[in-house]
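What follows is a pair of complexes built around subunit A, which joins subunit B in one and subunit C in the other.
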Partner chain A sequence: MSTTEIDRQWTTRLRRRAAGKLPPEKLLPDKQPSYVSSWIYVFGVTTLAALTVVIATGCLLAIRGPQWWHSSSVGLFVNSLHLWSVEIFFFAMVVHLWGKYFMAAWRGGRAMTWMTGVVTFLTSIGAAFTGYVSQSNFDSQWISTQAKDGINSTGVGAFFNVLNLGQMLMWHIVLLPLVAVLLTAIHVLLVRVKGVVPPFEDVPKATK
Partner chain B sequence: MSWYGSFAALLPLDNLGHYLHWHFIDISIANVVVIALMVITFIAALLLPFPGRQRRKENP
Partner chain C sequence: MTKKAFRPDVDAPEWKGGYSPYDIIKEGTIALVVVALLTLLLAIVFGSPDEHAITIKTWSNAAPVDFATTALSELNGTSTTAQYGAPYNHGSTGPQLGPFTLAKWAGVRISVNTVNDFVIDPLKSQPSQPALSTALTQWSQASSSERAGWVADYTKAAGKMTFANGQVMVNSTNAGPVPVFIEDLTQMARSGALDQALITQAGFYTTNYTMPLLFLADGTYLSGLADHQHLTGDQWGMMNETGSYPGQAWLWLYTFWYQIPPFNTSANADVLVFAIMGLLSIGLLVTPFIPGLRSIPRKTRVYRLIWREHYQNQEKT
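So, the complex of A and B:
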């Protein structure tokens, strides 16, 4: 195979583009700028850590099923871990959102980083809601019957039926986690590509 | 009563929740507590010193 043919391959072009945008030292950096030494910067990674626990405990619940998470002590414990990791996930994500909002973190060509964060947040709300209606207990029945009229009034009910447990469970364990994890991965990669947004007072220095 | 039973008795969850009503705002006390905790955490994150900050400022 000639060099020109190799250069034309999509694998070669993709590898070169990825390596150019995100070299290994940028993907996994040894140090961050000094302004990152603040507690306000820890909430992004706290959200990621909580998401990892959410996915791991969700996988355990999927393996053993509703009978296990409702009746056995270990199942109830894992179920609680799943709930509380979601609580920490949203708590940290909201503080992260406030921090980035007041930093105007979309500055310096970071609009896509901001927008992927926004869409991940909205997707996570959907994932949490479908989780509430997938518990398979009286609580989930109550929530779904209360929610149906609101959802139906928007017209979404035609293809998103909150009273359909099977559909809600599939949205909760397949579609929404897939989108949330994919968007989170893109969000983190964009942070690596563009770097962490500098504080306002550092902008003139950074652009000099 | 087991130790976790005693602990659970401190937070009775079988009763009706308490709600705050103010004009059109209708919110459970539990949600108010969570929002207040997030605000406190946010302010604390801005004000509390981060370990090793001075060292990093000297060697950026």
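So, the complex of A and C:
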């Protein structure tokens, strides 16, 4: 096989492109610009950590099926873990989002990083909502019968039936988590490729 | 070739300052441990709510008149579901967004005929009962105007409906088979058989609860319980859950619109709120490209607080 032939391979091209965009020192950095020293940076990694706990506790709930937590104290406790990890996840994500807004974190060619973050946020709202209507208890009865009016009014309800437990559960445990995790991965990789946005150039007060 | 002007809200200055050690794996591990422990603590201290689902059996035993009145509204076409429109039926045009009727355009794709799906078909599934069989035959052989006449006669008398000695009492005179329908459907509901009949319309295995949920929501029992739990729309209900739990607090803005005019009185509130939230979401998505909106961070100078240490160091040097 000639060198030219190897160079033309899709695999070779992809590897070179990936290595060029994201060399190991960028993917797993051991140093950061000195301005990355603020409490606000905690919330990005907290969101990721909470997402991990959300998925882990969701997987635990999945082992015994959707009715388990109604009849088992252990199941109810696992549900509590799932609920509170979701609350932490959203709290951290909202603070992260507003922090990034006030840093204008889209600057310097980082618009796609911002946009993947926003879509991940909206997808997560969908994932949480489908979780709430899949609980198979009074909450899910009430939330689904109320939410149907909003969703039906847009025409989407004809295809996305919030009263259909099976459909909602599948969206909650398969489709939306898949999209959310994929978008999160892209978002994090974009952060690593582009780096953390530098501060605004500001003239110190003393020299004004 | 001239150099492009620096746009402070779009471009970022090149970093020429120093670097600090950063252990990304250690940071991620610590964050995971802290979040896991915090989750554990919150779960131990607060737990989670699990108010059991109500059934049609519970409803019809707790509020038989409400159930029977709702069953009648399914039969005479005055229930919310009967008059809903798309995606369930052609009962109304549905909500309008200006000249657009989005639901109607999407069509009737989850067909619900309240007369047959909620009343006649469940009754047909009952084991042979002479009075009911006769009533069902009478109904099936009647013309539309005859049926409408019976239902109208019963509806007229149903304003004084009572429930005594385990029976629905209505003084109708010319209601044909309707009194038998309402009485037998109420008994069926009180025994728990209607729950099964509505759920299993699609066959042995099903995970679709569209029919029983629509029926439940047509009555006032479900909304009464929700009101008691502070879950109704005017109580910021969509973002709440039973008990004193935070619920979907992230839906606060979506729920907010329902609390203020004109949305709190508009028949088209659902589609209007969705449209507003859709526009706001798109606005958030494309913020980096909207002049003015993308300048707010620079002009409000909140970043001075975020990068306080950086600017303090800058001022020192």
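The rule is simple: the second predicted complex is superposed on the first by the 201 of 208 C-alpha atoms of A that agree within 3 Å, B and C clash if a C-alpha of one lies under 4 Å from a C-alpha of the other, contacts with A are read in each partner's own complex, and residues count from 1 in each chain.
The working rule: a residue touches a chain if its C-beta (ideal position, glycine included) is under 8 Å from a C-beta of that chain, and two chains touch if they have at least 3 such contacts.
Remember, predicted model here, so these are calculated numbers, not experimental data.
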(message) On the A-aligned overlay, A:4 touches which partner chain: subunit B = first, subunit C = second, or both, or neither?
(response) neither
(message) Output check: A:33 vs subunit B and subunit C. Expected answer is one of first, second, both, neither. What do you get?
(response) both
(message) Contacts for A:95 in the overlay, against subunit B (first) and subunit C (second): which applies, first, second, both or neither?
(response) first
(message) Going by the contact rule set out at the top, does A:159 touch subunit B (first), subunit C (second), both, or neither?
(response) second
(message) A:73 in the overlay: touching subunit B, subunit C, both, or neither? Say first, second, both or neither.
(response) neither
(request) Decide which partner touches more residues of subunit A, taking subunit B and subunit C as the two options. (result) C
(request) Determine where on subunit A the residues touched by subunit B overlap those touched by subunit C, and list them. (result) 33-34, 37-38, 40, 42, 94, 99
(message) Quick check: in the complex, which residue numbers of subunit B touch subunit A?
(response) 34, 37-38, 41-42, 44-46, 48, 50, 52-53, 56-57, 60
(request) Would you pull the subunit C residues touching subunit A in the complex into a rising list? (result) 8-15, 17-25, 27-28, 31-32, 34-36, 38-40, 42-43, 46-54, 84, 86-87, 94-95, 102-103, 105-110, 206-210, 213-214, 216-217, 222, 225-226, 229, 231, 233, 237-238, 241-242, 245-251, 268, 270-271, 273-274, 281, 284-289, 294, 297-298, 300, 302-304, 306-311, 313-315
(request) Would you tell me which residues of subunit A are touching subunit C in their complex? (result) 28-38, 40, 42, 45-46, 48-50, 52-53, 57, 69-70, 76-77, 79-85, 87-88, 90, 94, 99, 101-104, 106-111, 114-115, 118-119, 122, 125, 128-129, 132, 135-147, 149-159, 161, 163-167, 169, 197-202, 204-206
(request) Could you pull out which subunit A residues touch subunit B in their complex? (result) 33-34, 37-40, 42-43, 91, 94-95, 98-99
